[in-house]
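What follows is a structure written as structure tokens; I'll ask about it next.
Note that the chains are named A, B, C, D and E in the order they appear, and that numbering of residues resets to 1 at the start of each chain.
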Amino acid sequence: MRDYTIFIPEFVAAGGAVLIIALELIWPRIRRDILATLTVLVSLGWIGASLAYIGMGDNNFQGLIQVDNFTTFFRILAGGIIAVVAIMSATYMRDRAKTASEYYGLLLVAGIGMVYMAAARELITAYISLELLSFSLYILVGYLKRDALSSEASLKYILLGAFSSAFLLYGISLIYGITQTTYYDGIADALLARSGDTDAAAVVGFMLILTGVGFKVSAAPFHMWAPDAYEGAPIPITAFLSTLSKAAGFALILRLFTSAIQVDAVEWRWAVALLSAATMVVGNLMAIQQTNLKRLVAYSSIGQVGYMLVVVAAIGYGDPEVGRDASSALLLHIVGYVVSTLALFTAITAIYNRTGDDSIPGLRGLAETQPFLALVIVVSLFSFAGLPFFAGFATKLFMFQSSTTDGLLWLIALAVVNSFVSLYYYLMILRQMYLFDPPEGAARWRLNPVMWCMGAALIGATIAIGVYPGPFFEAAAHATEPLYQQGADLLVQR
Amino acid sequence: MVPLENYLVLSAILFSLGVYGVLARRNAVLVLMSVELMLNAVSMNFIAFSAYLDPSRITGVIFAVFIITVAAAEVGLALAIVIRLFRNRATVNVDEAAILKW
Amino acid sequence: MATEVLWWIFAVAIVGVSAGVVFSRSVIHSAIFLILSMVGVGAMYLLLMVEFLAIVQLLIYGGAVTVLILLALMLTRMGAGGAAQKVDGPQMPFALLAGGGILAILVGVAVSTSWPGDVDDQPTGISIELISEKLFQDFGAPFVIASALLLVALVGAIILARQEDAD
Amino acid sequence: MTITEHAYLLAAIPAGMFLLLALLGRYLPRGGDYLGVLATGTSFGLMIAVVANYVQNRGGLGGAFQHGLEAQEFPAWTNSIEWSTVGDFVLRMGIYVDPITVLMLGVITTVALMVNIFSIGYMKGEPRYYWFFAVLQLFVASMLMLVLADNLLLLLISWELVGVCSFLLIGFYWEKRSATEAAKKAFITTRVGDVGLFIGVVLLGKAAGTFNIQDVIHAAQEGHIGSTYLFVSMMFLFLGAMGKSAQVPFHVWLPDAMEGPTPVSALIHAATMVVAGVYLTARMLPAFEVAGDMMLIITLVGLVTALLTGFIALAQTDIKKVLAYSTVGQLGFMFVALGSGAPEAAMFHLMTHAFFKALLFLGSGSVIHATHHHQEMDELGGLWKKMPITATTFLIGSLALAGVFPLAGFWSKDEILHSTLDWGGGWAFILLAFAAVLTAFYTTRLFVRTFLGKPKDQHIYEHTHESSFVMTGPLLFLCLLAIVSGFVVFQDVGKAIGFPGGITEFIFVEHPHVFHIDWALAGTSIAIGVIGIFSAGWMYWGGSTVRSTKLAEWQPGLYDMITNKFYFDEMYQYGIDRGLLGFSFIVSWFDRYVVNDTGVDGSAQITKYSGSVLKYAQTGKVPNYAMGVAIGVITLAVVGLAVRG
Amino acid sequence: MDYDEAQGYVVLSTLCMPLLAALIILFIPGSKKMAIRYVSLIAATAMLGLSIYIFTAYQVAGAGIQMELQWPWVENVGFLGEDGITLHLGVDGISALLVLLNGIVSFAATIVSWKIDFRPKDFFILFWVLVGGVYGTFFSFDLFFWFFFYELAVVPLYLLIGVWGSTRKEYGAMKLTLMLVGGSVLIWIGIFAVFHEANIGTFSLPALYEAAENGAFSTNFQRTFFPFFVVGCGVLAALWPFHTWSPDGHMSAPTAVSMVHAGVLMKLGAFGIIRLGIQLLPEGAAFWMPGLMVLGVIGAVYGATAALTQRDFKLISGYSSVSHMGYVIMGLATMNDVGVTGAVLQMFSHGVMTALVFLLIGALYDQAHTRDLKDYGGIAKIMPAWVVFYTVAGLANVGLPGLSGFTAEFHIFVGTFHSYPLFGGLAIFAAALAAGYMLRMFSIVFFGPTNPRWADLKDLRPLEAMGAVTLLAAIVLMGVWWAPFTDRVAATVTHLPGVIGIA
């Protein structure tokens, strides 16, 4: 059944992207702010269009693409992230790039890539969507053409991205060899029926797939591109990378790991747990050493990936109920993490626009010169660290709690210890802002009202999730429902 | 008759050579070429699987088509970035493109 | 029988030229070896009786991609000083180990697994009609996304490689 | 309802006065000293009422007093309320009045009143005048509460409170470093004993299931408490008594406590607080008796103290220090009596000692006041002419202390000597008698060198004058008591003042001891006094120290020991400096460098360090990163295949 | 709305008061310093009143949780079942006393913070968040909110110490925060384990207690996870050897923070040991308590010993806190009603007296800018009132009867001697040593010749005196008439699982 109506939101987005690019071609002197505003409008339209699909039944496109609550969740997330990043970028890109239309267009395209990663129920579609997202990101990371760092970051990203894609594809080919299909459901059926002779191919296939998706979400030891890419990228793109790209990776993982290869969890779950442990340890230990804010956030987000992978491991270790609960908690956590990260980057962008300095010592005395931004940074960092009042506390607690299974308690403990280590470097940032006086001659400055409002809204959301997580959690639970409805039969068989 | 394993082994060799190339070579373009080699190996894998095991649905062949497409696009984009880097830094040596570290 | 002999000839050749790609001292030689490798793989596709893919391989890889690579090599050619640089990085020995490790794993997997459905132990010819049907009917959606992907790559290549006043 | 049931009022009134004076004293004219006198005076009056009430009721028991009454027939008033409850652990607070209490009330209120009056003169013009009186009231209140307490907990509370008052008053002249140090020393030394007491109280309370003193004693007597357990807990209890009563080896604080104003020395460090240990031991004596060898220990402690401090007192040159050591020695006498199972003798001596020692202290205070704070015997001498009243009363006090017939000290000391004979036979008697000789000796030395002979410092001598009546009045009153209070030992005297049987029968319950003079013993006592007095007189008459110097040359080692107080202070100082403070430094060092720097900071450093090592993997080079991916893939795959088998 | 529910709203408003104050101050411009102070003062006074009300209104006869208020928060979603997370407020006898403590100490701390002139807005916001966290922990009967507030109380400390502190403040603040959060990490792990093991999909503590009673937690489980709670909470309670944040943290912290921190926050740790350790995992408690007793004794003696040779006021108080919290640990470890009651009393007692000590140290330091004992001498002449207060606080510290310290230590030692006589005997050395370090300080600082350098020092100012009097009143009240305190505490303590009665 080819029901093209389920793509309407992406038509909106893609159309918007084309429109934005075309506008600048037609009218090269158009104000960049208008492009940003347009992007925001398009993403809002995208969200609006997506809302119509909430709770709609079976919206399957040829078994390839499934538009359900899960997809809708990521549509809304994508739209939201893009809107915020676009606002963030307005001033930043105006000052630094000659043309901006492609930039905004690519943001939208990347969002589309993410949505289809979440929606795909077939490996080719998932792979192509993943590459769509990746390509957009490669370009966006290197968008500051005359900035050597930007180009270097982009090069590293694309070379390593392609390298890891090859591994992913090889893994997929092995799985294909065993199952002769690329549909998730088909893979699941075939894996369920497979004989023991195919174990070697299955195991190596899973590991290679894990490598590929691990690279996308920057799990150690596949994480090494991330800090460099984050540091070299334009600041809003760093925000974009650490939110949308990670969320997309987990969208793909959730879809794939809860259905297609869930049945063979015993083969890969230990590896996920191992990756999770390595990732959180590496991310947090390395973050301690950083002096550049973006780089620090990169490592900290690697640490966060480690925590999120706990859920994936739990999907492997627990029964379907644990998997469902953990997945919904993961979605909730992603929301909290995204909101906090965006808040942090709103502040960093605003500061960078003002001072041109993205090092941690550059924040010196921020509490004096721009207390609001200091507050925004504190809120987001504390949210990362999982301190109460802020999203991270509730979401992390829910995430770990729902992932607690007998076999994984050690990992949970490690995760909690790691989030404690992370507090150290967050406090180092706080120290610069609050404990030190601003550098000589630094005066109090006013913040662009748009940025102010956005910062306020984001920390408002962070606090709302932290204090009253109920509705968000419910939404997340609704979003994960379809994952387990479809896989239910399989799970029973397993 | 040529058994399936032959193709798979050949593909594995190609893939490994590609891996070696990525790890060993310093020229960004050569690294890219090594990646192409790896993707080629994967395509061959898919097609071999498709031809031997799945001739009716041929999903592997389709996948190979997409891989070739993506690979081509990737090369184009990557080369643009290499050229970009060359303009900025006058080097295509990946070991020298290491300002971002630690 | 003839197929087998052909196969072995091609196989050895492909391995040889591919090794040339990664071991050659000269960048240009590597590029030429790459073309040869692509062509060899295309020939393999013929042996697998997937003619369409063989053609695609030749056209896209053998033609477009390598030309692009050669172009890039020329654009980024070093001055006289650059040529003296070593081609391999310092971790070359480890790269050999890693490549060998991966080879061992993949070969082991390929050999040790008994692939399900491998009944008659020979490839079945795949017609171009079937491919087009599958590609445009069953996998239309990824096809559309792939087109978007190409567009993105195009746009990206243009904006990144475009000469600007400051360059 | 009788006044005795409300005897807590005795304590409550001074306590209230303390609050008043402490808060408002500085705004009152003359610092409210009259209020202090008023409060203690009221307590004194109430004491009279309590005694009267007690005597009346006791008289009412059978109309005429008979010897050999059973214990329970001696009236004792109790009055208590429930204080707190934790589960089944109920605490009651209340008072218990029996003869010992009555005696203690009498001693405390009398001396306190005298000291209060005396202080008006003595402390005149001192800074913080009101504060002195305030703390004095608090002390009186706590001390009265201590003797009234019907349970060990309240006793412990009061016990510590008197300690604090002592601390505050010793350190009254806190501008002087020595006073501060002395206060600290007093508090900490007694605190060590107090901790013992605390343990003892808790242990006894645990074993008896109650803190009520009578119940505890009962439990001990009935054998409800295991013998070792009882011995240990009574030992701890006795530690507290030793600390408070400055028995060897806790005696070091009392001489130093003389840094406090002299009225304080008279009240706290002679008459009342320091006898708390004696009181406690007497109060708990039935339990001590059944607690293994406790009685022997008590005797030995008393004997050692009496002898040791007797020797030390020989060589002291500070008037007050001589008196202080004498006090310690006399307390030793009392403990010997207690150890000999004669609490009535101990309490009797406690009473007479309180009067004549308070007299002596106040007398010395009068001297010190008159000479503007000169209290070294080497600077005084020949004061008799200048201050006759002080000298006369001091002489009588000295004679009483030396045990001269028929002054108070004679009777009580005689009783103690008697009790040792009854109990342990010869050795304790001989040693104690020797200590008594020493007492007579140093007392005489003190008097001779201070009041007789020629003035050693003419300047001081000339500025000396007799004290005012507010100071001499209490001297005279106490002098009177020092003369007559010994007579209460006679049954007839007792009958005349309301308690037939004399003090010895009044005091104790279980083994009423009928007083009759043993003339042989009395003769010995008299001889002891005479020997001591005359040998001292021979040595020091006319202010000469020639003979004593010769003595010192003859036995320099012994002389050194004595002048250096047997090196107790030095030993303690060494122990504290090298032992305790050394240990403290070690602990501090350990805390800083091992627990904190190594344990806490160290783990942080390790974390940071591992980060700094790890970060060099992030070389910035694509091939290295790719190598990371490759290694990851290989590891995962190999492990995966291996796990799978 | 019945009576108990109405009471519940009292509890709720007590909890909201500090958070509301923080919110109001957030919207007052930083330049309006007086407004900020007055808002704080009003809030503090109201909290004091409410706390006293809660303490007095607690019905001794009722024993259990009173003044309950229960609002569903998140339920029937994900892993959370019925009553998954509820805002379940209430007090029991233990928390009633600690709430009172918090009211008193935060009131005193607020009025001594009056003089803070450097960014008072930020200070008070953080301060009220801290106080709110403390209240929340005491009130919460839901594990989620318990932990929420627990962390909330710990976190503002970093900035409070780091910005407004003194002497190596960055180091002290960082160490303190990390150690405390490190402790809460263990609690967190314990919470995961307990929730998972109980498997009833709720964070509600009463429900979990019931589950524990019904044997939801196996003996092995209890023995494994009890240490997580105890060490986790123990860090905050300065459990040896996790105490080193205490001396350094106190040395660096500003007056008000030292007061609240030493006064109330440390109690949170001990409170946690009761709430999570003893109540949730009684078998684990029974198994581990002897070990805890050893640590408590070591802490008590060790702290007192280390305090003996310190030269900094605050270090002395820091180490003495270690010693006193050692008593608390001992009291808890006795597992008999008197001992545990004593421990709770000691929490209160140590709270008020340490708060008073820190208040006084702050009052001196603000003028003199040195805390080295050797710099002082004869202060009694210049600051008599200060010395009187300090002396009383110090004597309470020593355990002088008539002051709160004695009441608490008495109960603790009765309990300890009942269950572990030998340890009681060892630990009591700390009491003797306490006299040593306190009097040493008295004699060096207060007495002796007056250093003319300090001739201009002012005595306590009226506000400080007011705070000091409030605390002093609590010290004396508890020391003299402790029945109101023991009644409430004992009513709850005797019903704790595993706590035996002393007959």
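The criterion applied here is as follows: a residue touches a chain if its C-beta (ideal position, glycine included) is under 8 Å from a C-beta of that chain, and two chains touch if they have at least 3 such contacts.
Remember, it's a predicted structure, so these values are computed and weren't measured experimentally.
Peer 1: What is the set of chains touching both chain A and chain B?
Peer 2: Where chain A and chain B share a partner, that partner set is C, D.
Peer 1: Can you list every chain in contact with both chain B and chain E?
Peer 2: A, D
Peer 1: Taking each chain's centre as the mean of its C-alpha atoms, which one ends up farthest from the centre of chain C?
Peer 2: D
Peer 1: Find the chain most remote from chain A, comparing centres computed as mean CA coordinates.
Peer 2: D
Peer 1: Taking each chain's centre as the mean of its C-alpha atoms, which one lies nearest the mean of all protein C-alpha atoms here?
Peer 2: E
Peer 1: I'd like to verify one number: the distance from the centre of chain A to the centre of chain D, where each centre is the average of its C-alpha atoms, in whole angstrom.
Peer 2: 77
Peer 1: With chain centres taken as the means of their Cα atoms, state the distance from chain C to chain D in Å.
Peer 2: It comes to 102 Å between the two C-alpha centres.
Peer 1: With chain centres taken as the means of their Cα atoms, state the distance from chain B to chain D in Å.
Peer 2: Chain centroid spacing, chain B to chain D, equals 96 Å.
Peer 1: In angstrom, rounded to a whole number, how far apart do the mean CA points of chain B and chain C lie?
Peer 2: 6
Peer 1: Among all residues of chain B, which ones touch two or more of the remaining chains?
Peer 2: 8, 15, 18-19, 22-26, 28, 31-32, 49, 53-54, 57, 59, 62, 66, 70, 73-74, 77, 81-82, 84, 94-95, 97-102
Peer 1: Could you pull out the residues of chain D that touch at least 2 other chains?
Peer 2: 604, 615, 618, 620-624, 626-627, 630-631, 633, 637, 641
Peer 1: Among the residues of chain E, pick out those that touch two or more other chains and give their numbers.
Peer 2: Within chain E, the residues that touch at least two other chains are 178.
Peer 1: So which chains actually touch one another? I want all the pairs, not just one.
Peer 2: The list of touching pairs comes to A-B, A-C, A-D, A-E, B-C, B-D, C-D, D-E.
Peer 1: Can you tell me which positions in chain D touch chain B when the two form their complex?
Peer 2: Residue list for chain D touching chain B: 615-616, 618-623, 626-627, 630.
Peer 1: Which of the residues in chain D end up touching chain A in this complex?
Peer 2: 604, 607-608, 610-612, 614-615, 617-618, 620, 622, 624-626, 628-629, 631-633, 636-637, 639-641, 643-644
Peer 1: Mind pulling up the chain B residues that touch chain A in the complex?
Peer 2: 8, 15, 18, 22, 28, 31-32, 35, 38-39, 41-42, 45-46, 49, 53-54, 57, 59-60, 62-63, 66-67, 70, 73-74, 77-78, 81-82, 84-85, 88-89, 94, 97-102
Peer 1: For the complex, which residues does chain A have touching chain B?
Peer 2: Counting only chain A, the residues touching chain B are 123-124, 127-128, 131, 135, 138-139, 142, 145-149, 151-156, 158-159, 162-163, 165-166, 169-170, 172-174, 176-177, 180-182, 227-228, 231-232, 289.
Peer 1: Show which residues of chain E lie in contact with chain A when the two form their complex.
Peer 2: 73-75, 77-80, 85, 122, 133, 144, 147-149, 151-152, 155, 158-159, 162-163, 169-170, 174, 177-178, 181-182, 185, 188-189, 191-193, 195-196
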